[in-house]
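By letter and in written order, the chains are A, B, C and D; residue numbering begins at 1 in each of them.
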Amino acid sequence: MRFLTAGESHGKALVAILEGFPKGVKIEESLVNSELKRRMSGPGRGKRMAIESDRVEFLSGLRNKVTLGSPIAMLVKNKDSQINPQGKDRIKEKNIVRPAHADLAGALKYGEKDINNILERASARETAARVCVGSVCKQFLSLFEVRVASYIKQIGSYRSEKAAKDIDFILAKARQSAVGAISEKDEKEMLARVAEAKKEKDTLGGVVEVWAQPVLPGLGSFMHFDRRLDSKIAAYLMSIPAVKGVELGAGFSYAGQKGSQSHDSIHCSVRGSFYRKSNNAGGIDGGVSNGEPIVARVAMKPIATLANPLNSVNLKSKKKGKAPVVRSDTSAVYACSVVAENMLAIAITEAFLDKFGSDSFSEIKRNYISYVRFISKTMG
Amino acid sequence: MRFLTAGESHGKALVAILEGFPKGVKIEESLVNSELKRRMSGPGRGKRMAIESDRVEFLSGLRNKVTLGSPIAMLVKNKDSQINPQGKDRIKEKNIVRPAHADLAGALKYGEKDINNILERASARETAARVCVGSVCKQFLSLFEVRVASYIKQIGSYRSEKAAKDIDFILAKARQSAVGAISEKDEKEMLARVAEAKKEKDTLGGVVEVWAQPVLPGLGSFMHFDRRLDSKIAAYLMSIPAVKGVELGAGFSYAGQKGSQSHDSIHCSVRGSFYRKSNNAGGIDGGVSNGEPIVARVAMKPIATLANPLNSVNLKSKKKGKAPVVRSDTSAVYACSVVAENMLAIAITEAFLDKFGSDSFSEIKRNYISYVRFISKTMG
Amino acid sequence: MRFLTAGESHGKALVAILEGFPKGVKIEESLVNSELKRRMSGPGRGKRMAIESDRVEFLSGLRNKVTLGSPIAMLVKNKDSQINPQGKDRIKEKNIVRPAHADLAGALKYGEKDINNILERASARETAARVCVGSVCKQFLSLFEVRVASYIKQIGSYRSEKAAKDIDFILAKARQSAVGAISEKDEKEMLARVAEAKKEKDTLGGVVEVWAQPVLPGLGSFMHFDRRLDSKIAAYLMSIPAVKGVELGAGFSYAGQKGSQSHDSIHCSVRGSFYRKSNNAGGIDGGVSNGEPIVARVAMKPIATLANPLNSVNLKSKKKGKAPVVRSDTSAVYACSVVAENMLAIAITEAFLDKFGSDSFSEIKRNYISYVRFISKTMG
Amino acid sequence: MRFLTAGESHGKALVAILEGFPKGVKIEESLVNSELKRRMSGPGRGKRMAIESDRVEFLSGLRNKVTLGSPIAMLVKNKDSQINPQGKDRIKEKNIVRPAHADLAGALKYGEKDINNILERASARETAARVCVGSVCKQFLSLFEVRVASYIKQIGSYRSEKAAKDIDFILAKARQSAVGAISEKDEKEMLARVAEAKKEKDTLGGVVEVWAQPVLPGLGSFMHFDRRLDSKIAAYLMSIPAVKGVELGAGFSYAGQKGSQSHDSIHCSVRGSFYRKSNNAGGIDGGVSNGEPIVARVAMKPIATLANPLNSVNLKSKKKGKAPVVRSDTSAVYACSVVAENMLAIAITEAFLDKFGSDSFSEIKRNYISYVRFISKTMG
């Protein structure tokens, strides 16, 4: 399985092609649309989110809602582009690079002095196309009971003290919260921080925790470094714009613990299945899923575009200047959580198809069942 | 550029083939050997490190020490294998899976009940082959003045309060320290924690900070999510055995800061070159190197093999059992730092060759100079 | 550079995303459309060709006709789908597999009994998306004077005795011929064969010769088997539906010649540039372009859908049956020649970007010029 | 599955790493060695073949002859290198490029004036490493009854009129012939041509036909052009040094036939399995294996190194010169046939693992059986 996305922030449309996805999977357009809507939600979003109301259009790959095994092309039109047609400069101070954006690095790399030609693709708008792909993967995973969900662990200086115990808890709490919080206190505090930052014309980042559960043991491999599931998940989550850190399970806090206290001891249930009482490993041992929930956290930096613009430089004149101010958000941590879920769903789907084949749902199901039977009967 | 590694922990040898590496690069075998030696060093290493004294043998790709542009095959013989020839079980309690190792997940995935057949490849011994590849990449990068170095930020509960300011500082301090520390206090404290843990028959993890400097702007791309340099670095660092977290620049601490305080403002020197006064971005904006040093941190979990073995389960009988005890280390954070340097060197070399071509050093040099001239004259 | 195509024969649209294509290349939509039109032309085409009038729509990647370096999404709507909306069966005898089509192999592979769900993607209609990608590549190559063209060598039992000497000849003759022939005699004979076959309700294949000229030496590599330019060209041409053979230069006739008679001796012009008096190698030595024109031939089997249907079998009942008859062509050799040109253009563009970088046209141009200067001044 | 090869013609050794090969496959070293020996056999081989007696050494990936699922590293020492150690020039006239070799194209590409540095890797000696990989794949395929074999169709001007009917015939005839011929007449004529050419100090090429049988339907896919089995086979066969043409089934002769006469009609046996009475498609329809034997032919050009050297040019002085004469063969068509078999075996193994998974033999076997049962019971 592989996919490509295309589309600029204010171009005609975002497009994704998902190739190598199995035949025979029922795909609900409405589920993709609700994921797209979630990506535009959360506290701290600016005006564009009101303008946008992303809807996917399937251009290929489906017949009567069921995948054909052929590449799935998905289109999300940019409504905004009708107001600001591409070709017209988005930013007038087109030579002043915005700190913490791709502007300067991109301008140098591509030999470009008009930052409009950089920011259009570097924009996080592109993640809408990834969400389309991820939503299709989520629907595939759900056929094997795998659910993917997330909640907001931290916004700005407020960090939740609560921890999710399983994915049902997350789905029950965070999915009901407009903020993606898992407690009322969290929700209240997070909203307050965002409101405060907005008032101060400042921006916030945060931390998102994303889960997949249940994930059967055996996805990924230690046989070669680039086939490890942890490596793939790290790559996929770090690729989300503004993400600056990724950790699995106990992550960075592992470093301060002793082995005797932190490692997850292994047990066997009366029915003969293996389990662990803790999940510091975040569901992955040796680069392979171990049967426990996959748990990852990502750190998002504050939004880079500030209403009180940062000091910067004019690419052409080399003189000081204030970074151009464009319509932006105070915080997009919630959006980040949605994208993180979808990137995780893609990573797990790829590992799943690597193990069970990818031609058709019925064949994958056969192979999956025979493996599950094997590991439960023969192995454990 | 691409590479494959092979070799089991107690097999005949580790092997790497590096393909797509440019012609005309002088490679010193001794520099590879000193990296291999560093990988076996540091406090807390067990007896095997004494047995081993890894030395690389180049089987192809060089003529008179200079690369031919052909695949470079490197061999590191396992001296240990002469003592314990492969074929003989390493672990006698071969059905008891060791927690926090790949044993159980690997056994289920591959339908294997003898964990000897899992652990031989899942072992971190494999990273010696990666270090060979990384050392060749380091020698390439040094031709463009790029240096890669690291230091130990944390071992167990001790976290250094000192921060490196540039790579010269790291090379001057950490490279002179047997612990990889950047202050005498750090060294003393870290040694004490390792000694204490060893006494307690316990194990420790830690945090490593790895740098590459100088890295010219323009490596990586935001044009597609999987071409981002941050994503590649995350994948490469997370693929190191026992690593559970990766962050760039301010990383997770970004999440608690406000945008106005944390983003790196951009300035222009009197000579007309761009710079930032801070480096919270860790040298990467929008997935592209921005000219500042690349700074990443990785979190390593404590060594999973304990002298006081963890509770576990017998794969065959399903009964409780103590994890087998094998010769192991108290801490391998230093080794992790060496592997992290080499994985970072590989990631940067790949991005470098993507931009400047990969046929021959002389051609890459021409293309590099013309780009540097372009961005310094025309762009900045 | 990489690309994905999507779209079923009677779905909403064909889509292609081209990723990794450089910034700063001017792309004329009209040139893409004229290639699309050529693909639908030639003698022996059926009614659908009249219905279709493919036009490309660029959804992303361009601003004011110039590439941004971002993925280029291209859309070709299926006009036909308005008449026969997807979801409705195209073929009523949906269980009778058509010989020489993907029907049976596809049905078994994907566990499908309705061949409509196979043929929609297996159809050569998909090549329209490839032509969009190829046309963009042709426009890139033309900036370096590289032209790609083809002519029809054989249709059915008639094989031209004439051989093209260079690409100017092909462009002057074949591009002016509705049949893609390079002589009046060829055109006349080929038209006669097609007319005869049509009358007999039979179908024809043929042989196409495709050229790229001038191609500078040094594209592709012998350093690893999968980096050879000949291997890539073989893969790309053999992937065209109905193609059953690919040869380069003297190809299969090489086998009957002696080395002393067939190999291209090397000479040096008074201006110091190397050349060969013959081109039996087809422009590639050791997997690397050698400076002579790239010359390849592809063999196309006769169209598989016959008006006098072949004997076949019902997938469900296992009983004999006549293959369903659908609207089809008598010959599509001309279309094949257009697709072959475009696949060759893609292959050469990829090898070109591998050597000279792929960020922006201006950088590629700099690198290209410095290489050309190097090989003409220093090397020859 | 993927692999890399390394090694120069007169370096220390050839090396291959095969990654992603399943666990639990018994590998006989002796079978690899006998393939290596076959590669050095056949009429027309020069003295080096006597010097060489290639033997594989497995450095990793096996335990007690059974694969571990880990990368398989294989080493073939160059005995010749002891006589002519690398570092010493192989060719003294190091600036005179040899026509029909990679010398000139390689020298320009890599900015190299000593052709010794080009020819060492461009040499067909490299195919010994591929044969190691291919032989491992053959042993895997044989567990599913798939056999791969070849015979010589043509040497120089002599073309056999006989055609193989199935792979048993090839194994019975060609494998018993020192020439790889399938009739006594063929053998006699081929030997005569080689003897004649040798006497004339000339060289010959030829045509090889390679088969795989039985190959179950469903390998490869038409869903994306680069997943077609025909495309992969074309790439793999064309990548063999000196190969200039590849065709499947009727190949180029298809072009002269009418659809009604050439297409393979489909039938159903009394036991309910599908078959075709002819195999003009060469076992592949729409890029997917159709259940008939895979049949491909490759055209090899005459050996490029002539004892009566060709006219050429001195890279440095630009003056005319005679190509250097090195020890070489009169014909290597037999070697080509062995390499072609092994490349075909690799291609089919990859497609096989794509469909049935690649973790362990036992899992692949389960998935394979369930698919075969499905297509024979449910589908046919």
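Just so we're on the same page, a contact is a pair of C-beta atoms (placed from the backbone, for glycine too) under 8 Å apart; a residue touches a chain by one contact, two chains touch by 3 or more.
This structure is a prediction, so every number in the text was calculated from the model and none was measured.
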item: If a chain touches chain A and chain D alike, it appears here; value: B, C
item: C-D compared against B-C, more contacting pairs; value: C-D
item: Euclidean distance of C-alpha centroids - chain A vs chain C, Å; value: 38
item: Whole-Å gap between the CA centroids of chain C and chain D; value: 26
item: Centre-of-Cα separation between chain C and chain B, whole angstrom; value: 44
item: Multi-chain contact sites of chain C, meaning residues that touch two or more partners; value: 4-5, 19, 69-71, 109, 111, 121, 218, 221, 223-224, 355, 359, 363, 374
item: Chain C residues within the chain A interface of the complex; value: 2-8, 11-17, 19, 23-24, 59-61, 63-64, 68-73, 75, 86-87, 109-112, 117, 120-121, 359-360, 362-363
item: Chain D - residues contacting chain C, complex; value: 4-5, 97, 99-109, 111, 113, 121-122, 126, 130, 154, 156-157, 159, 197, 200, 202-207, 217-219, 221-226, 228, 230-241, 243-252, 254-260, 262-268, 272, 274, 276, 280-282, 284-291, 299-304, 306, 308, 310-313, 315, 318-320, 355, 374-375, 378-380
item: Chain A-facing residues of chain D, complex; value: 19-20, 69-71, 218, 221, 223-224, 227, 354-359, 363, 366-367, 370-371, 374
